[in-house]
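Shown below is the structure under consideration.
Order of writing sets the chain letters: A, B, C and D. Residues in each chain are counted from 1.
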Amino acid sequence: MTRKARKLIFEILETVDNSLGKIFQLSMMTLISLNVLAVILATVESLSSRYSAFFKIFEVFSVAVFTIEYFLRLWSCAADERFESPVTGRVKFALTPLAIVDLLAILPFYLPMLVPFDLRLIRGIRLFRLFRLFKMGRYSRSLKTFGSVLKSKKEDLVMTVFIVLFLLVIASCIMYFAEHGAQPEVFSSIPTAMWWAADTLTTLGYGNIQPITPIGKLLGAVIALLGIGLFALPAGILASGFVEELQKRRTQQTICPHCGNVID
Amino acid sequence: MTRKARKLIFEILETVDNSLGKIFQLSMMTLISLNVLAVILATVESLSSRYSAFFKIFEVFSVAVFTIEYFLRLWSCAADERFESPVTGRVKFALTPLAIVDLLAILPFYLPMLVPFDLRLIRGIRLFRLFRLFKMGRYSRSLKTFGSVLKSKKEDLVMTVFIVLFLLVIASCIMYFAEHGAQPEVFSSIPTAMWWAADTLTTLGYGNIQPITPIGKLLGAVIALLGIGLFALPAGILASGFVEELQKRRTQQTICPHCGNVID
Amino acid sequence: MTRKARKLIFEILETVDNSLGKIFQLSMMTLISLNVLAVILATVESLSSRYSAFFKIFEVFSVAVFTIEYFLRLWSCAADERFESPVTGRVKFALTPLAIVDLLAILPFYLPMLVPFDLRLIRGIRLFRLFRLFKMGRYSRSLKTFGSVLKSKKEDLVMTVFIVLFLLVIASCIMYFAEHGAQPEVFSSIPTAMWWAADTLTTLGYGNIQPITPIGKLLGAVIALLGIGLFALPAGILASGFVEELQKRRTQQTICPHCGNVID
Amino acid sequence: MTRKARKLIFEILETVDNSLGKIFQLSMMTLISLNVLAVILATVESLSSRYSAFFKIFEVFSVAVFTIEYFLRLWSCAADERFESPVTGRVKFALTPLAIVDLLAILPFYLPMLVPFDLRLIRGIRLFRLFRLFKMGRYSRSLKTFGSVLKSKKEDLVMTVFIVLFLLVIASCIMYFAEHGAQPEVFSSIPTAMWWAADTLTTLGYGNIQPITPIGKLLGAVIALLGIGLFALPAGILASGFVEELQKRRTQQTICPHCGNVID
């Protein structure tokens, strides 16, 4: 009978076909969203001082729910054949990325009770709760498409990142040599010039660091125009990735309904 | 005979094949465009004070035309078999989205005569006239393509919105923890940091909120570079959507090479 | 014999296969580029005052060349069967867009000799010389591809412009109502708010007009994020246009080299 | 025996299949990356003054390694049949682009020993070491795809650059005539206006040069909106290039349905 209960709870916790599971998923997602909202709003001083009691109660309630959820998952995981063994199976489950995220979501609440801790760090760890949002992604077909597009284009995208970094280094070095003489305070070093290069190549344009010499402005304009190409590269790669994806799906299925032959 | 007149008016109001209907459409579009222009220009003080009489007369004229149009639509809708029944058919028609938009376009003129009202709210409601622009869209083949592309890619685009929001939350939380110590006034709370994150991820770059610590600048540059990917994702999705659309149109003529039959 | 000379000059002026024509094209392109450069540099006070004599000589030389070119074109155009008739053919040729551009390029030099004229306007007209750059485009296969892509996607791109304008109007109206109370000086009217909306939707981010109320900032962030979609729309349309173009070219040519059958 | 050693060293230096070669490649890449980092960090005054001894030692060590590498390449190149001849083969090798880059990477260290030299120029030359990063590219399949996409779309991309330059010139000329009267200091000449045009067309938005007249703002908004199209053009071209690339790879297995032969 325990086995049956364990299996039922496992199905509620882990599957989406189960209607009880869907309700559970939705309420957990709502709680996580509210937690994120609470983390965000608690940093607004006027709110955190006035509603501090409310924030604390909500925190305790959330951690209680997340703790129960964690232990239920740990207990019921044995229903999965991969984690069948009572002890080693559970250790194996506890070391899966999702289970670690679950643990990290509740740990910052219990940790200061055990060890004295820097409060600011705790808040940082608390943000790990946000990672739970990734869990939801598992059930989305759309995210699967994204995943397979990114996977098939991984090499190209990594190369794009290298090209971006390369441009960033070259642009900042050039600009440092062009502007350091005229603005020794502003373009004081290459790392400072890299801040300018990132600002310009991404077409952000904060504008507090700017070239002032004619040659610096000319180079700056050229680098800004290269920024346009920077946007085109990943857009083109992803576009071809999505096109490839939908062609893959189609070619798996095209069968002539009249004669039954597959058309490639 | 009333029936015939009703049918004629219905055709003028609702169809585009009718040449009288085309003239009606064009004049209504012109009137709506001029109304939008009037709403915009009336907020320029120098114009609104000098030409206030003209704005008022144009307002009364427009509302008169829109009111007549609304009642003609309400009366002639019975020519459509969906709204044939004299009373329930008309109620049904009055509750269609387009009819509600039509009503909202004239209501702000009559409402203050009946109920005392906040003037500012009335101006806001008056903007609903802009929604009439959507009506024109119905007759454009291009907007149909847009619609079917957006529809077929709905899931991917919704996921993109989620990813954007996710990045926005993560970026602002990270930046808050990185910069709050150095700039407690500027990065006073996570909602404030979200304004910075939106400014940076969209590559806007207003620049009045900026990281100043080295780690903050490094993270800021990484987040700005992620902004490039943010542009690539919807561009890639829409590109594949448009490609898919035109392939769909072409493959309606696909002929199986094995048996010679057309496959739709 | 005049006929032969006329034909030769026509071929030099109008065709690219002719090797003399190629040399002529290149020298004209260089002269036009130098003219553009001269127009640009002449506005730099330190240069225009020091080298005013040089600028004047170059101006006279260029106009002389362009004038001779214009009259040679007008004379030799009769070699083309479309403009064969001595008088009406030449008038017809003089009214082609390219001939009008040619005339506009020399007119500002002669006009002030005939009619007293505002000097500033003359400078403006002189810019028409830039339009000569378009002429080169005629010989580029690449520009033809661009042209046919833009043509096949004309409807979609026009619709995109409409959507951009629609968003611009809606965004500026919303922002005016949200911020006018808090910043009556900055968001003084909807046209002013439209400057903000253009600044934000294009992700420019000059930043001298910004929302300051919480609701204004929230709406501003949403509008800025919509700006991302604005970039994706034309990118997706053009991407599908270019894909379509290359598919069109391929399907015209795919012939099996082994059996000679066309494969679609 | 020298021949065998030469061949072994050649294989270590030039091929990636060799496992010793892989280790060599990786260590060289690490050294190059550390060199780039050292160049960047040496410009930060607080670091360069404190760790000047360390920077100098690392410099000497790097140049020693790069010098040995250079001479080993020069010696072993004879193992390649293209450079077999003892003298002319080596001169030929020394004149290949990659060998020149290798030489330029060590030259700035030795040059000041021979000739008195401007220190700033030396630093500039030292940046040529960055070009070594390109060498790695040779082994990446992804960069090959990029190369063939850029090659097949070269004409279109060059045309895009021309269109960008054309828009830049037109936009700056128009803006100069619109704003010069109102802001003679800010829009002092067309080259200054070009800085504004680059700032606006790339959607950078530094914002220190801005139109203030109504007509200037209207034109500025139109130019900013054209900037959106500027991003769409290369994105669309590259997207179709990548799609074409993957179709090319797939069609290498195209079999003619009429005769059964493979078509390449």
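The criterion applied here is as follows: a contact is a pair of C-beta atoms (placed from the backbone, for glycine too) under 8 Å apart; a residue touches a chain by one contact, two chains touch by 3 or more.
Nothing here was measured: the structure is a model prediction, and the numbers come from that model.
*Asks:* Report which of A-C and A-B is connected by more C-beta pairs in contact.
*Replies:* If we tally the contacting C-beta pairs, A-B comes out ahead.
*Asks:* Measuring between mean CA coordinates, which chain is farthest from chain C?
*Replies:* A
*Asks:* How many degrees of rotation carry the C-alpha atoms of chain B onto those of chain C, rounded to the nearest 5?
*Replies:* To map chain B onto chain C, rotate by about 90 degrees.
*Asks:* What is the distance in Å between the mean C-alpha positions of chain A and chain B?
*Replies:* Chain centres of chain A and chain B, defined by C-alpha means, are spaced 30 Å apart.
*Asks:* Could you grab the centroid distance between chain A and chain C? Build each centroid from C-alpha atoms only and quote it in angstrom.
*Replies:* Here the centre of chain C sits 43 Å away from the centre of chain A.
*Asks:* Using the touch rule from the top of the page, what residues of chain A touch 2 or more other chains?
*Replies:* In chain A, 191, 194, 203-207, 231, 235-237, 239, 243 touch at least two other chains.
*Asks:* Quick check on the complex: what are the chain A residues that touch chain C?
*Replies:* 203-205, 207, 231, 235-236, 239, 243
*Asks:* If you look only at chain D, which of its residues touch chain C in the complex?
*Replies:* Going by the criterion above, the answer is residues 155-156, 158-159, 166, 169-170, 172-173, 176-177, 180, 188-191, 194, 200, 203-207, 210, 214, 217, 220-221, 224-225, 227-229, 231-233, 235-237, 239-240, 243-244, 254, 256-259, 261, 263.
*Asks:* For chain C, which residues count as touching chain D in their complex?
*Replies:* Listed in rising order, the residues are 36, 39-41, 43-45, 120, 123-124, 127, 130, 133, 140-143, 145-146, 149, 164, 191, 194-195, 198-199, 202-208, 230-231, 234-239, 241-243, 245-246, 256-259, 261, 263.
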